[in-house]
Amino acid sequence: MTEPLVAPHVLEWGYTRSLGPTLTAFFTGLRDRKIVGAKTKTGRVIVPPTPHDPDTGEDVDSLVDVSDEGVVETWSFVSHPRPKQPLDRPFAWALIKLDGADTAMLHVVDGAIETGSRVKAKWRDETVGYITDIECFVPA
Amino acid sequence: MSEDVTGIVVPIHLDYTYTPGVAASRFLRHIAEGNYVGQRCPKCKKVYVPPRGSCPTCGVPTDEEVELKQTGTITAFCIVNIPFAGQAVECPYVSATIQLDGADIGFYHLIQEIPYDQIHIGMRVEAVWKPREEWGTTTESIAHFKPTDA
Amino acid sequence: MRDVAVVAYSAWNGVEHERNEVEILMPVVRDVFDKVGLTKNDIGFTCSGTSDYLAGQPFSFVSALDAVGAWPPIVESHVEMDGAWALYEAWVRLQHGDLDTALVYAVGKSTMGDLLDVLALQLDPYVLTPLWPDPVSLAALQARAYLEKTGKTEDDLAAVAESRGRRVDRASGYIASPLRRHDCPPITDGAAAVVLAVGDRARELCERPAWICGIDHRIEQHQLGARDLTRSESAKVAADKAGASGVDVAELHAPFTHQELILRDAIGLNGATINPSGGALKANPLMVAGLERIGEAASRVLDGSAAKVLGHATSGPCLQQNLVCVMESR
Amino acid sequence: MANPCAIIGIGQTKHDTKREDCSQIDLVREAAKRALEDAGLTWRDIDAVVIGKAPDTFEGVMMPELFLADALGAVGKPMLRVHTAGSVGGSTALVAASLIQAGVHDRVLTVAYEKQSESDAMWALAMKIPFSPPLVAGAGGYFAPHIRKYIAQSKAPDDIGIKVAVKDRLNGVKNPYAHLHLPNITYEEVRDSLMLWDPIRYLETCPSSDGACAMVLASESASNAPTRPAWVHGGAMRSEPTMFAGRDEVNPIAGQECARDVYKQAGISDPRKEFDAAEIYVPFSWFEAMWMENLHFAPIGDGWKMTDTGATAIDGDMPINPSGGVMCSNPIGASGMLRFAEAAMQVRGQAGEHQIDGARLALGHAYGGGSQYYAMWVVGSEKP
């Protein structure tokens, strides 16, 4: 009986994602170093923004700017980051509720952290319109 | 003012370890030795090559190995003129389903050594192997099929 | 509604380096048929659950069909979801009245790819996937939120791990704080199959069919920051709709220890034996583990050891989608 | 028996090579909102959502229904994701209809989409898998040998594919949502277009599109809508293995049986006479002739004659793909649902310029994989 075969297989593609009006506002905002949210008809501000109220599916009312500083709602510290992750040193994943927003967004935090910590976006020197234009959040 | 960001490119790279399976591995080991070995379904007695582990109509394992001749018949073909990512050969080429003598199903391979306009369904063909040192556990060990001299 | 029951269940879990999906699935399907003396030709409807991204190639469910022997042609459908949702689709289809039996199966080899990367593709492709968050880290965000809100501790999580047969090492480092290895599921390959039958047909096929008395599933917001991670509203609604009270045994699809606690809160399982199979903390074959929970729960009715049972399945990051299937003996 | 199922809302996007103006979220919402509006309903009125699309590798998102759940108003509701290869749009509609027919829900939103421009369909379909050379050049490379076999067996003139391609493109001009609008297309232009996968020429091939389709299906008690509903008279799915000894890939048994099943449910004995229109899945023009036989519209070997004599033209006795069909728009995952929806639009009198006058009974058809997955429905203007 012979050994069954194995071989490496790579699934690789650079997906070209068109954004539509709402995400265009968000990503253009990132490039311009600001964070855009979407205000629902009930007045809640969703960040990152969606064209719809996530609770009901209704169209949102308008786009609004929110702060690039906010509060950590929950976090997890990772000692051994994986190669594709945003930082190559130990960091924390966190859900961050930015000032002016009613929902929290996922990003990474570099530095001491606990629930309730205030953190602020650290922008990359060169921003291009991508979620990693925020290199990470750091203690405010 | 710069223009709006209306699109992003998200690179995806995923690594897998592919396992063709027990039956396919056996088939490919035989190919590396220069043999076409199919498997017979214990229920319907049909011979599958390449075997994929099960008889697709009976849903049972095909364990019995059957060594096949390296001659067969073209059951369908097409002339490919369109280049695509990951392509193995240059255009134009002829991809055909070939049913080996003793097998009950055709598989895809290249037809060469004949002008394309002379290829027809029912044509008799035989395997042309690459040089021995290039054989391996892949059906690319067979360079192509060509019309039989007969 | 027509009375539909689980009449047979079979599964295989492990780490498989040799067989492909068809070769894993084939003996499971044969076994589930043998249990009730059926063949593929006796089946009215077939439905399966698999994912192309586990296999790393498109249309992987097409070749999986070769394990069944779809000839003469079969009435068949497929969901790109855990097999538990394939079972739901089959249950719905059997309500039409024209078909009396169904085969439901799921197969997946989670070990083929780098699963922690693969599962990052299950997230919003614009704002989440490009950060490549792994599922353990996301679960950890939920775990911390849950512990801080309820006042429970990592010891409570360890107790769950222990009762599911995991070796607990409180001194081990975090994988992603506050989760340690014993709080996380193993990466498992697997296949599972269930036969459903209607009314008298079910009674003919086995002595104690596990009658489905309620089945429901619900989904929630995708973004973790747009929902309350500390509770599972979707599991609660599904359980209420499915009539999940008074069950003897519950099989919960909780890949992480804290998720079992969240699900217990949501479903309200007073006094029920939970996860006698060990659940997803013992074996967590993606796309399969939810169907296995229903199968394992049904098995307690089939073997006469329980009168009313519950099988639960989850899908998506941090319990985004949940299905509850309640079964009973009659 | 199964409960009646009405189609009370239909919506589709404008289909295009690349919908650069929208995300996947916007794309599915564009179709879904049109379907809701057509039904006179809001998100709140929907009980459950059933979504379908072809392989996840096309958009590079694993199980995208998860991130699209709230975009489709599904929060707090049941949501299912169907995938049966190219037939998926049809299967998705049938799973949604099944929820109504089983009496589980009163109003179900069903959506199918593909945003093929996010990757490349040729890449996704001809992916290099270890141990086997990628000799099959995508879908065209796979189906071209079947077409050649059909031509040989039926002794069809070799220009039938050209005629279908011209007919469908001219039909597509009447459809504002169609991706390709080629009002000046000619027989000669198709004939002289590049032979890609001999015998398939470039203009005998469907485009690659971004697009979505949505429908609202309802129970009898919920069937009131601004436009009169279409009714499901029959629905069926069939599958057979991709490759097996003795398989007839030209006229697959699964397709034949699926058609017989759906006709029997609808009480149809002579499809060519009884249907007023049919929307069938023709990704390469020759498939019209092949499916005419598989669907029992014509005797074996005679399918091409329906095209040749003009029977399948929009003013023929059996109009096939008055919308322009897959030859004009092919967002793969949505293509099957578009066939189902266009059939329903015909019997609701909603098809605008490509409306067949007085259409009362129509067929929607989809197929996928290696001509092995089939989904069909028969819809009528009267409640069955």
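By letter and in written order, the chains are A, B, C and D; residue numbering begins at 1 in each of them.
The criterion applied here is as follows: a residue touches a chain if its C-beta (ideal position, glycine included) is under 8 Å from a C-beta of that chain, and two chains touch if they have at least 3 such contacts.
The structure displayed is predicted, hence computed values, not measured ones.
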{"item": "By number of C-beta contact pairs, the top two chains", "value": "C-D"}
{"item": "Maximum centroid distance from chain B, chain identifier (CA atoms)", "value": "A"}
{"item": "Cα-centroid distance, chain B relative to chain D, in whole angstrom", "value": "30"}
{"item": "Rounded Å distance, chain A centre to chain B centre (Cα mean)", "value": "45"}
{"item": "Centroid spacing, where centroids are CA-atom means, of chain B and chain C in whole angstrom", "value": "37"}
{"item": "Interchain centroid distance [CA atoms averaged], chain A/chain C, Å", "value": "30"}
{"item": "Junction residues of chain D - those touching two or more other chains", "value": "20, 23-24, 57, 59-60, 70, 74-75, 120, 123, 127, 129-131, 241-242, 244"}
{"item": "Shared-contact residues (touching 2 or more other chains) in chain B", "value": "6-8, 10, 12, 14-22, 24-25, 28, 55-57, 137"}
{"item": "Contacts with two or more other chains, residues of chain C listed in rising order", "value": "17-19, 53, 56-57, 63, 65-66, 69-71, 113, 117-118, 121, 125-126, 128-130, 221-223, 226"}
{"item": "Complex contact set, residues of chain D against chain A", "value": "18-26, 29, 42-44, 57, 59-60, 70-75, 117-120, 123, 127, 129-131"}
{"item": "In the complex with chain D, residue positions of chain C that touch it", "value": "1, 46, 51-53, 57-59, 61-63, 65-66, 69-81, 85, 88-89, 92-93, 95-98, 118-119, 121-126, 128-129, 216-223, 226, 233-234, 237, 315-317, 320-321"}
{"item": "Residue numbers on chain C that touch chain A, as the complex places them", "value": "17-19, 56-57, 113, 116-117, 120, 125-128, 130-134, 137-138, 140-145, 148, 173-174, 176-179, 221-226, 229"}
{"item": "Residues of chain B touching chain D in the complex", "value": "6-7, 10, 12, 18, 20, 24, 28, 44, 46-48, 55-57, 75-82, 84-89, 95-97, 104-105, 108-110, 116, 121, 137-140"}
{"item": "Residue ranges of chain A in contact with chain D within the complex", "value": "5, 7-9, 11, 13, 15-23, 50-52, 54-58"}
